[in-house]
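Note that subunit A is present in both complexes that follow, paired respectively with subunit B and with subunit C.
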Partner chain A sequence: MDKGRISSIQMGMMMYLTILATAILTVPSITAKYAKKDLWLSPIWASIIGFFTVIIVIQLSKRFPRQSFFQICEHTIGTLATKLLGFLYFTFFLIASGQITRTYAEFIKVFFIKTPVSVIMITMLLLSAFTVIAGIEVIGRVAQLFFPIFVFSVFIIIFLLLPQLEPSNIFPILENGLLPSLKGAIIPQIWFGELFLIVFLLPSLSDSKGMKWGILTVLLILVTFIITNITVLFILNQNTEFYIYPFLSATQLVNLGDFIESIEPIIIAIWILGTFIKITVFYYVTILTTAQWLKLSDYKPIVWPIGILIVEVSFWAVPNLMVNNHIDITVFPFLFPIMQTFIPLFILGMAVIRKKSKSLEI
Partner chain B sequence: MVRRVKSLLRRRKGIQPQIDSLDDHGSLSNKMDENIDYFRSVYANCSDVVIRPFLIGGMYQAYFIYIDGLANVEETDEQILQPLMNATVKNTNEIMNMLENKIPVTNIQKFTSLSKCIDSISTGNPLLLSDGINTGYSFCLAKWEKRGIGEPSAEVGIKGPREGFTETINVSTSQLRRIIKSPSLKMQELFIGQLTKTKIVISYIEGIANHNLIEEVHNRLERIKIDGILESGYIEELIEDNPYSPFPQILSTERPDVVCSNLLEGRVAILVDGTPFVIVVPTTFFSLLQSHEDYYQRFLVSTAVRWLRYLFLVISLLLPSLYVAILTFHHEMVPTALLLSVAASREAVPFPALVEALMMEVTFEALREAGIRLPKQVGAAVSIVGALVIGQAAVQAGLVSAPMVIVVAITGIASFMIPRYAMGIGFRILRFPIIFLAGALGLLGVMMGIIAIIVHLSTIRSFGVPYLSPLAPLKGTELKDTLIRSPWWKLNTRPHLTGDYNKHRQSPGLKPDPTKGGE
Partner chain C sequence: MKWGIFFCVLIIIGVIILYEWKTIKTYPKKDRITFFILLIIAGALSLFDLPNLPGPVTLLESIFQPFGNFMESL
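Entry: the complex of A and B
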């Protein structure tokens, strides 16, 4: 399908940006709602799903090297079931892409009150469409360029916030036992589950270090998660849950000698870079799913039609921000793990059983 | 109507205008008159072509054909005409014997085909035709007026060699050979252009340059079918990978030391006769941001200069658009005191920031372009008009705000920091769409512009090498010559271009140390 090749480091960077771009802004608040002061512990529990997903996906690709996800499915659960599953994944990624694009647009709209949401979304999807047409290689390179900018900026902001930090906010640790932090992990695990996307990238890898970098990516994401959550906790204390974008609100407090202040445009700029990668990766995976599901010989002709569909879905699936937040809590914690972790697990299980029964036959 | 349809149909079929080709004219005949009639008809109305009849040894009719001003007439008179006229010969064999053995000219070529004879005359070599011999003798006595080697005017520097290439290709190749004395420096020549027959030399170092790369260069050059090549820019546009990009994908230089350093890194140079600019392939984004002096100065200085250059590259691309975006949409970003002073200076200005920025940027570009083309005597007038009228007077008249003039001035200076002119102009062009985006969508628009440029840069390849390497795709060991300029004793390996390559440039452990003195 796509002849381009990326290295596993590039894959790791793509996934890091894909997951953290949106997570860094909204997740601390949602986590704080349940975990209160233990919000920095929740990512640790949530990351278990991440490790689990990476291992499942890598095992699958080890059993069927250089095969696309749907080819693997055909080998294990048959053609008819694969077609059905393909349709499920197609709609799933379409809704996910639409929802991500909409979230991005709603965030930007906070600063551009008069600009219509559709303009913000269409400009972004235009850029993404060109990148998707250019192929996986270009996505990998762009991610590689944005990764250091993103990481560096996040840590510079945390560094500038150092004078405002109040480390005593961390106490009491585990005031009400483990349960609140476990509850708080339910939402972040959605983001960790997104590592499932590497199943579509693994066939394009030019080396065989997918496992190593997959695990390292989860670790890096976990570390960043904990650090940002702790920073937010140290600054906003128990008020974290009342902010929609706590990290952004925290950066508004940066003030170094009355000279470096109001740097939140920078975090927005970084966030746009990260979200661009996120939208592009989801867009690419949606296109790839469609092409592999329908067995198309080339994915380029469907890039534009599906781009239009993503814009439409972002309005159909998310009528307004209220509904979005509602779905975020009630639907996605179940939908995402099922699609991203449990179905692949089921397929891996089928593959193991099939192989066992085959070897028994011989 | 019918005729128009017919002509449209004809165009559809792809009938192209044929370029008059002088390729197949048969060979010289034994009869002198036929030959000379042919040359007279070919060179009809060519007042610069001289056809001089004379007698060899007072017996055999012979002709000298040469182009006035291209052939060395003194040498021809002394070394060829004089001995031939004074000789005593009995038959044609003796003439041939004499031409080959008794004429003191280093290089004599024999041609039997008419087209070869014409090519040889065109390059300036006088051609001798003699009765009874069906061979033309071409003496390599071409000599024409040429410019001496001078300092390269487009790439000046403080340290480093002061000589540049000239328009004459064999002088250029000799300059390369004088630097790289090894016989593994190869020079393959070919001719492009049906009418100009421009000599092109492909130069590379065997054992360092990749074979596939050399082959690719050959293939791309041989594809060119054109009437004339006047400058290496023609070749550049005809062989590059991404013709619609605003960024140059080929390095063009007039410094022999730059070409040699590229050859030593495994790249291929293409020299074109008639221009001092040599092109080098493949090239990357970052090598176009490096100057030759980076390698001649102390490494700490070069590293600092490189970072300054990267910073000003960003400024040259973004400063006006950031100014527009902040003044139009994001007042809260600016500290209040600064905002007040900017607002005060903008009070009298009747235009929105976008119009003001575009106006000033276009004026600056016009001034720059006018400054290049104008004769030196008028140049001073342009700078006075630019500085006084557009700077001072426009601000005083309240047409432009003073901060805008400062922004445009800094942007202008920043764009001249880029050592390669073609690269700087690429960024200058891209500045305008980003100003528009900034005026329409504020910082969001600027970010969109940046992302679009980065995505575009990531898609480009130059002869198989990703344009943004070694940053994306990341090649860790090569960052030592990109983000910083490592000292020479650390630059042990050559950059990797494509395929197999000769990795080691020098022996490791060259770091100087007083204890290594051998005392």
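Entry: the complex of A and C
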């Protein structure tokens, strides 16, 4: 459908920004609520889902090279079930994109108090829509451009925070056993599961290193997760859970010789860069899902109509921030793994069984 | 029902149709129908007071309620 080609490194960068852009700000606080001082251990458990998802998706694409996700489904579970699955994924990605756009808008609204939420969302979606129309190649290149800025800024902030760090905050390790850190992993696994999106990018890869870079991306995300969580823990200690955006609050403490201080606008700027990639990738995947589900000849005409739908769904699904935080804890930790890990696993299982029964027939 | 929002969405839909009109004519029938159906859904949704309307997430919340209770008890 999309003739553009990206390299697997660009795919890795896209996924890195897609996952970390929102995770870096909100996840430490949610993790700390359950894991308390073991919050730096939780990403390790959560990343298991990430590795698992990448392996499932890569195995699927190895069995059916250069085929879209719904074509794979048709080969394994039949046309009718695929149509139903297509509808489920369409609504799922619509809700996910709406929720992401809304979270972005609510964060920006903290600084732009008088601007209506809809204006913030529409301006961002307008930009994303143009990028989506330009195709996967442009999204890949934009991600490649923003990736070094994002990583460099995060690590320069951590470097500037070095004088404030108190490594003794890490003790006691595993005070109440492993269970709190495992509980804390329930929420971050949503973000690791988002690596499922590579199933839509794999057919556009120009090389065959998808497996290598997929696994490397999970590792890089894991390392960044652990580093940010440890930084937040070293600075805010057990108070981490009471901040909505702990990394932002930690950044406000940067003070080098009364000269370098108040650098939190940098983190807001890099967060916007990252979220732009995140919204664009989700927007692109929503459109690709619709086009592949309905077997359209091109995805470009539906970009604008879906854009309006995303704005409307973001108001429909997320009426206010209270509901947003509530569904983040009660619905998404179950919905996301089902859609992103277990359904692909089921399809992979079906593919394996079908192949075996076919070889037996012969 | 908020007429202001509805008319704003109608204007946006009109702009989209005008903008895409030249290209949409060259696409197959299926694409054109999808394009217009999606626009009609978007227009119809803007008639409702969406934040207070039970939606897909309300459904999901009731489906995952046992799990949700488990998460809140942790």
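In this section, the second predicted complex is superposed on the first by the 362 of 362 C-alpha atoms of A that agree within 3 Å, B and C clash if a C-alpha of one lies under 4 Å from a C-alpha of the other, contacts with A are read in each partner's own complex, and residues count from 1 in each chain.
Methods note: contacts are C-beta pairs under 8 Å (C-beta built on N, C-alpha and C of every residue); 3 or more make two chains touch, one makes a residue touch a chain.
Just so we're clear, the structure is a prediction, and the values are computed from it rather than from any experiment.
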(message) Going by the contact rule set out at the top, does A:Gly4 touch subunit B (first), subunit C (second), both, or neither?
(response) neither
Practice item. Would you check which partner chain A:Ile268 touches, where first means subunit B only, second means subunit C only, and both and neither mean what they say? Key: first
Q. Counting only touches as set out at the top, which of subunit B and subunit C does A:Ile108 meet: first, second, both, neither?
A. first
Query: Is A:Arg141 touching the first partner subunit B, the second partner subunit C, both, or neither of them?
result: first
Overlap of the subunit B and subunit C interfaces on subunit A comprises residues none
Counting only contacts in the complex, subunit C reaches subunit A at residues 9, 12-13, 16, 19-20, 23-24, 27-28, 30-32, 34-35, 38-39, 41-42, 45-46, 50-53, 55-57, 60-61, 64-65, 67-68, 71-72, 74
Note: in the complex, subunit B contacts subunit A through residues 329-330, 332-333, 335, 441-444, 447-448, 451-452, 454-455, 458-459, 466, 468, 471-474
The subunit A residues in contact with subunit C across the complex are 34, 91, 95, 183, 186, 290, 294-298, 300-302, 304-306, 308-309, 312-313, 315-320, 323, 327, 329-331, 333-335
As the complex stands, subunit A meets subunit B at residues 7, 9-10, 108, 111-112, 115, 119-120, 123-124, 127, 130-131, 134, 138, 140-142, 144-146, 258-259, 261-262, 265, 268-269, 272-273, 276
